[in-house]
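By letter and in written order, the chains are A, B, C and D; residue numbering begins at 1 in each of them.
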Amino acid sequence: MSDVEFSATRRLILQGAGAVALIGLGNLPFLTSALAAANDKYPEEAFKQKSDADVIKTLYGKTAEPSDKVKMDAPEIAENGAVVPISVSTTLTDVTSVAFLVSENPNVLIAKYNIPAGTLPNVANRIKMAKTSNVTVLVEAGGKLYSASKEVKVTVGGCGG
Amino acid sequence: MRNLMPKSALVLILVAAGAISASAAGSEDDFKTAYAAAEAANKEAGKLRNQWTTTANTLAAAKKAADAGDFDKATASAKEAEALAKASIFQATSEKTRWREMEIR
Amino acid sequence: MKLRSAIYLASAALSLALLTLASTLPSDAADKVDPVADAKAFKKFFTDKFPKVKLEDFVNGPYSMNEDLYKQWQDKEQFPPYEFSLEMGKEMFSKPFKNGKTYADCFENGGIGVRQNYPYFDAKEGKVITLELALNRCREANGEAPYSYVRDEMAALTAYMAFTSRGKPMDIKIPDDPRALAAYENGKEYFYTRRGQLNFSCATCHVQSPGERIRAEILAPALGIVNAMPIYRSEWSGMGTTSRRFTTCNSQIRGVPLSPQDDEYRNVEYYLSYVSNGLPISGPGARP
Amino acid sequence: MASTIRVRATSSGETTEVQALIQHPMDSGFVKNAKGETIPPHFIQQLTFEHDGKNVFTADWGGGISKDPYVKFTFKGGKKGDELKIGWVDNKGATDTTTAKIQ
């Protein structure tokens, strides 16, 4: 990979992050190639949105339809808002991405996972929740957008996390 | 959690409340006297291995008010701190035998 | 018995007077120190209170009392948050001191699989030695500065030593020595003594109310609570030692904590560990 | 310094389940420290997994992912002994990469 490509990829990933010290990054050729291969720009704008609707609009530009084929596994009461285990699985086919949204967090979008062909649409992660909130998972499949939501109660807020 | 505050807590609160109401308008001397008494009581609580964080906080508040020249407030805080320290002494003393009431046997 | 109810009913002043009297009486008149009976009663109390929880599961703290929590814990245990601390502990444990010796030189069996024997009563010194204290003494004996008892390095070392001892039953011994019995009894007294402005004892939360929520936290049962140490608490966003647990418990009830490893803390650990004898070591643990 | 990335990848024959845990503060930028000062945002933005020269999973993360983040996913294929390459980059430009063998 040439230096030109390298720095172009860096700029893509780090837009807005300002000056970056490129020291001790010995392993970068793989990383940049991997990130370039993902062919996905980090959705900086979507991560700044303050409502479910704005996240969905910024990230996908279409509306989501609730589906019982999207299964979200989340606790009723989070043991601590700093670490809430949440996972998704779906029987939908041709899934290209999934995303997790927490309506009451200062920034609603938590994570977006890009699912290439050959990777199953099952993802688990641990998220922060500031307070009791609706949690929504979006599944992009066959060019359409599906969703499932659940309220998770939080008694100890996770913004301290 | 209703049962977590046993009767002795009421006693402690009464002890504390009685002492607070005794506060009076104060000069710097009043403050110094009250502060010294509070510190002495808190030191005794320390010997009993039972100081309260609230005593330390109230002592600090008293000192802060005194530094700002508000001796009324400083004296009142010092007296409150003394009451808290005395309540902690009472607690430590009575618990010397009362702890057995809770024991699993 | 009469004395006890009298105190209960007496006014503050009167009870103070009575107590002065009481303290001059031999305090163990009716209460001969009997650790074996204590441990039996302690286990019976918890197994009666939570008939569905298996004895060995009490070491899993609040997770043993609540299904929703249990599931979240299982999810977390797939890749537990104490993983990094554990690795750091393993690395630290094998790295030689400046004099070339290692922690292994200070412990029986090279420190592997020995967590269940701590704390122990040292007859020479006449006091209780905890694992945390033993680790710092090991450092000092080898010319190294001791670690803070409440910080990450101590948590990492004890996490590793607990991990190598997982599943081994807690095995605390009380030698036939009046000083050992006195230390045990002092630990028990500390455990049940109410303190702080909130007037809570350790037992208020961890005997009377395990499984219940206090503010937002679910309380752990006292039985087996030490078997899981050290712990990664989500609330702390990090690891905590037994020392950290004791001192923060004290400040939460508005009591000024003692210094880590003061007599009372070592003794209460001795007491709690002894009454949890037979339950497996499960540390390092993860807690809300 | 040890890697910030821990990976467990297990093949069932048909699929490979991958779990990763990364040491990172994941500061959201909404939290104040003890002095009342806001802790500036510092979080991983992108995490990628590559198997056999092909991307199998990419995570785009914000500050709402927990400290020391964890993720689990499954992909078709992958044999025991195969290598996985994992790398992340955060909002300050720091990165780390590692490789892990499928068990």
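Just so it is clear, a residue touches a chain if its C-beta (ideal position, glycine included) is under 8 Å from a C-beta of that chain, and two chains touch if they have at least 3 such contacts.
Not measured: the values here are computed from a predicted model.
Visitor: Looking at chain pairs B-C and A-D, which one is connected by more C-beta pairs in contact?
Guide: Comparing B-C with A-D, the pair joined by more C-beta contacts is A-D.
Visitor: Can you tell me which chain is nearest the middle of the complex, judged by mean CA position?
Guide: Of all chains shown, the one whose C-alpha centre lies nearest the global C-alpha mean is C.
Visitor: Using each chain's Cα centroid, which is most distant from the centroid of chain D?
Guide: B
Visitor: Take the average of all CA coordinates in chain A, do the same for chain B, and state the distance between these two points in whole angstrom.
Guide: Those two chain centres are 52 Å apart.
Visitor: Roughly how many whole angstrom separate the Cα centroids of chain B and chain C?
Guide: Measuring from centre to centre gives 29 Å for this pair.
Visitor: So the centre of each chain is just the mean of its C-alpha atoms; given that, what is the distance between chain A and chain D in Å?
Guide: Chain centroid spacing, chain A to chain D, equals 13 Å.
Visitor: Just how far, in Å, is the C-alpha centre of chain D from the one of chain C?
Guide: Averaging C-alpha atoms per chain gives centres 35 Å apart.
Visitor: I need the residues of chain A touching at least two other chains; which ones are they?
Guide: Within chain A, the residues that touch at least two other chains are 82-84, 87, 124, 126, 160-161.
Visitor: Among the residues of chain B, which are close enough to touch at least two other chains?
Guide: Where chain B is concerned, no single residue meets two or more other chains.
Visitor: Which residues of chain C are in contact with two or more other chains?
Guide: Counting only residues that touch two or more other chains, chain C contributes 81, 213, 237.
Visitor: Considering only which chains touch which, how would you classify the arrangement: line, ring, star, complete or other?
Guide: If you draw each chain as a dot and join those that touch, the picture is no line, ring, star or complete graph.
Visitor: Which residues of chain A touch chain D in the complex?
Guide: Touch list, chain A to chain D: 10, 13-14, 17, 20-22, 25, 27-28, 30-31, 34-35, 37-38, 40, 42-43, 47, 82-84, 87, 102, 105-107, 109-116, 118-120, 122-128, 130, 158-161.
Visitor: Of all residues in chain C, which touch chain A in the complex?
Guide: Touching chain A from chain C are residues 68-69, 71-73, 75-76, 81, 213, 215-218, 234-235, 237, 288.
Visitor: In the complex of these two chains, what residues of chain D are touching chain A?
Guide: 15, 26, 28, 30-31, 45-46, 48-50, 54-67, 69-77, 85, 87, 89, 91-93, 95-97
Visitor: Of all residues in chain B, which touch chain C in the complex?
Guide: Touch residues, chain B against chain C: 1, 3-9, 11-12, 14-15, 46, 49-54, 56, 84, 87-88, 90-105.
Visitor: Show me the residue ranges of chain D that touch chain C in the complex, using the header's touch definition.
Guide: Listed in rising order, the residues of chain D that touch chain C are 2, 6, 8, 19-21, 23, 67-68, 70, 72.
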